[in-house]
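Following are the structures in question.
Here come two complexes built around subunit A, the first alongside subunit B, the second alongside subunit C.
And then the complex of A and B:
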């Protein structure tokens, strides 16, 4: 089998269009992250790949074989669901053995395969337990073990970290990455969390309103998003977007708003810009917070900086980092600060950023125009 | 501190009296039925009534079994009701699964209403056509005919309530089971049915409750004791020689025993079953 392909797939439920003319090609052995907000069509797409749902139009290929109408029990695909979908009326052993029992394998082979897979995932001591006796992390491992036991060519993961608490999610992400690097199966992993995509994916497909906005290696999607939504969504915290216009000044073209004036440095960008409105994107991790006054001199070894002036709205501690919300004019900007950072609400602060790192999007269409450099 | 303690004692006394009062209200008819079944005719007709009889006898029970074909009637009742409940479940659960899991035109408005509307209809209105149909099919005075009629009475309720139970089972479980390589039928038997057991137990009880004392259909569709049930046998105890209260009460006691046993074994499923049917 040589990867999987969705070709112009549309799925409607009554009047609602869950997927709209989606085409996607996943190479064999690759790990693709399907990233998008709730209701964007991620689960529907996975279910169509699994055969649990049939597309309203379009086709699904496994290698060169059209499997659009092939039922799920005949497809070489397994799936781990959001709530794991473990069978509460069966033991852990029977849950993991379920795909093997469907193939009517000899009992000895089933016991051996289940034992090996359970040991691989460090759940061999749990085989006699009932599902109700397991923790969240253990249930996830059992669900993954069941998926791996099928010896499927493709494994689908539907938001499997969403129901885990923060600490467990961080730990499971690391373990999961190690596991998938060892197993090397064609995988599609759906998630609303960009951090999952950053950590796990070879390629990321950003989906919104049933359409794939961008399908690219994660570095490309991060550095050259196709539109403002993709740029903002594929980042944690989300990219800040400021309205601005292009103006002609003595020194050349500038981007201006009520709180900002910055020169356009990139030659490639100058040639693309017209006298109209744009959205200026600055990632929170590219902003630097200065609480003791406006920075003078170089910041992070860079002389030319853009400076914004505002006041602190709130500080939000997330794990061991802080997101500082700063009010600038009528906008609220988020700044990502490593470590625990505390400051009084209302304190006057300055933000600096490197103009080469900005993103520019057309205000009306949201389309990506270019980077600062 | 002293005031709280005295209020607590007063409340406990009030609660005990209150519960005792309602316990007596509910249990007294059952006591009176048992007492009458074990008493003589004279004791039964005494006025003012004697609440605690002077002596007990089992003559009424003996008469039911020896002179009135009681064992056959009782066995008919048990067989017909349990078989009808099982048949209603066997037909209703797959129907409920289909309504729960598949989309089809008119599912909510037309189909479910049509299913339930058969229960809105008083059985008396359909009695004549049912009778003539049964005559044509040779099902009059036939236990199988009564089973079919009772199963038909129970079927709408089974579909309605079991659909709610099955709705509660995440679809992802069956989808996962089918992705494991099993068929949808396998998922139905290995996942849906085991997880629906509380609902099935509740519906089994409810089906028996609904038809255990059913009179009208049994009276019209049966003619002899070979197919008659307890309600019909009891109605025949009111005759020219008077009303045989002791035998009526003896039948009542015997009829209560199987239902009481079913409740004892399945009671924890009963509340869930009613809740799902009513709240959903």
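And then the complex of A and C:
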């Protein structure tokens, strides 16, 4: 088997198009994150891969075999749900063995297979325990062990961290990452949380309104998002977008808004621009906060900086870092600041950023136009 | 405005479940204080005793020195905002805000004045005053609940998980209104939350609770950097503090920490050395963002292996194996070029290392 493939898959429920002409190829052994907001079609896509839903049109391939009409139990695929769907009153062993027991395999074979898998996932010491006695992280391992035991070649994870207590989520995500690095099985993982995608994915598929907007290695999606939605959504925190226009000045072309005037440094970008409206994208991690007056001279060794001026709306701590919300004109801008930082609401501040790091999108279509350098 | 003092509060349910256990806390006048802890830590019971919904089995509650332990809720001069917004759905936005003022017998003219002042503090446009509350979204209802609560001058304002059911964008906005109004008016606010991020964002002081007791009561910065126990260090931060079990031995100004498979040598204050447990068994605690990792290393660094390395936003999250089964999380700048499988060197800066007694898990 060599990976899985969706070819021009459309799924309609009545008049609603849950999936709209989706094509996606997942290479063998790779981990793909399906990232999108609620209602974007993530679960439908997973169900079609699992075989519990049939596409309205299009085809599904496992390796070179067309499995579009193959029922779920005949596909080498396993699905892991948010609550793991384990049998709470059964032992860990029985849970992991359940797909094998259903196949009436010899007891000795089952014991060997379960033992090996449990050892690999470091839960061999838990085999006799009941599910109700396990921690969340241990349950996660049991669910994955069961999927592997089924001899699944593909594992689908449907928003498995979504309703977890944030502390548990953080811990399970790290454990899950470490685990999947060793398991290396073809996986599709759906989530609305960009942090999951950053942490876990080889490639990210950003989905919205039933369409895959971008399917790319995550570095590519981060550096060259195809549109403003993808740029904003695949960011942690989200990318800031500011309306601006292109103007001709003495020194050349500039991007301008009521709060900003910045030079366009990249030749490649200059030649593409027309006198019209654009969305200027600046990632929160590319902005630097200056609480004690305007920066003079170079910032982080960079001479050419753009400066914005505004006032603090809120210093919001998230985990071990702080997102500083700053009001600039009529816009609210987010600045990522490492560490725990507290400042009064209303404090006057300056923000600086390197014009090379910007993103530019067409205002009307949202399409990506270019980077600052 | 008032100073709120809780003295030796105890509450037992069904004769056996100790919800709050000998809890004492002094909430100074004009500060936002968070009761922070996981579910079942006793923060809700404590809050209910402050509000008067629950009588303590033992102990005393005073406001500005006046004993209110047995006062009914409506006599305590406190306002409350709950997890689920409570609004009069048949009333207009204006009438919702006016109701507690009318109940207090205030003149309509004065009421209008107060609502005129309160509305902008919560971003409520005067033109929307006539709208029925039943048309509002959950976030807007919660905003109205907050405006409604803060419209009246109270001794204490109690906010019980007020942001749990609002979307993230509204959460930021509502948190800003609360911060701003408190900055100006210096209200005394008790904020109950399970979210360390919300507590760190809003509070002047945080009381970290577990199993009916307060583990630590301090400023957000101190709680974060100087946790008194391994639980506090783990509960705050994402990821939380790393812990490594070691056998400590003092050797002339430095401490050798033997982790079984690796050795860390740290300069620690002399005071530490005298307080080491007799058997020398300690837990070394250090936050992921304070650890330095490099490919080359210098003398004294710990050789280790990188299990995974992923850029998350502007930083790398690394998982490092110090010894078999001894894993730590590291947050490093992206210019630290470390990849999965690399041999690396780890350094724990002395000032960021906290030692805990391995038995009690309390900071030494």
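Before moving on, here are some points about what is shown:
Going forward, the second predicted complex is superposed on the first by the 354 of 373 C-alpha atoms of A that agree within 3 Å, B and C clash if a C-alpha of one lies under 4 Å from a C-alpha of the other, contacts with A are read in each partner's own complex, and residues count from 1 in each chain.
In the analysis below, a residue touches a chain if its C-beta (ideal position, glycine included) is under 8 Å from a C-beta of that chain, and two chains touch if they have at least 3 such contacts.
From a predicted model like this one, the values you see are computed outputs, not experimental measurements.
Taken together in the superposed arrangement on subunit A, subunit B and subunit C fit without clashing.
When the two structures are aligned on the shared chain, A:181 is found in touch with subunit C, with no touch to subunit B.
Legend: residue contacts after superposition of the two complexes on their common chain; A:170 is shown touching subunit C, with no touch to subunit B. Residue by residue along subunit A, subunit B and subunit C are tallied for touches, and C comes out ahead.
Taking the C-alpha centre of subunit A as the vertex, the lines to the centres of subunit B and subunit C open to an angle of 80 degrees, rounded to the nearest 10.
Using the contact criterion defined above for the overlaid structures, shared-chain residue A:291 touches neither subunit B nor subunit C, since it reaches no partner.
In the superposition on chain A, contact of A:146 is made with subunit B only, not with subunit C. Once the two complexes are laid over each other on the shared chain, residue contacts for A:72 go to subunit B alone; subunit C is not touched. When the two structures are aligned on their common chain, the gap between the nearest CA atoms of subunit B and subunit C comes to 11 Å. Within subunit A, no residue touches subunit B in one complex and subunit C in the other. The touching residues of subunit A, when paired with subunit B in their complex, are 47, 50-52, 71-73, 75, 77-79, 81-83, 85, 87-89, 98-99, 101-103, 146, 150. Partner subunit C is touched in their complex by these residues of subunit A: 165-167, 170-171, 174, 177-178, 181, 195, 198-200, 219, 222, 235-237, 284-286, 313-320, 325, 336, 338-340, 342, 344-346. Partner subunit A is touched in their complex by these residues of subunit B: 170, 172-173, 175-183, 186, 190-191, 194-195. Across the complex, subunit A is touched by residues 38-39, 172, 175-176, 179-180, 183, 194-197, 200-201, 220-221, 224, 235, 237-240, 287-289, 307-308, 310-315, 317, 319, 327, 329, 331, 340 of subunit C.
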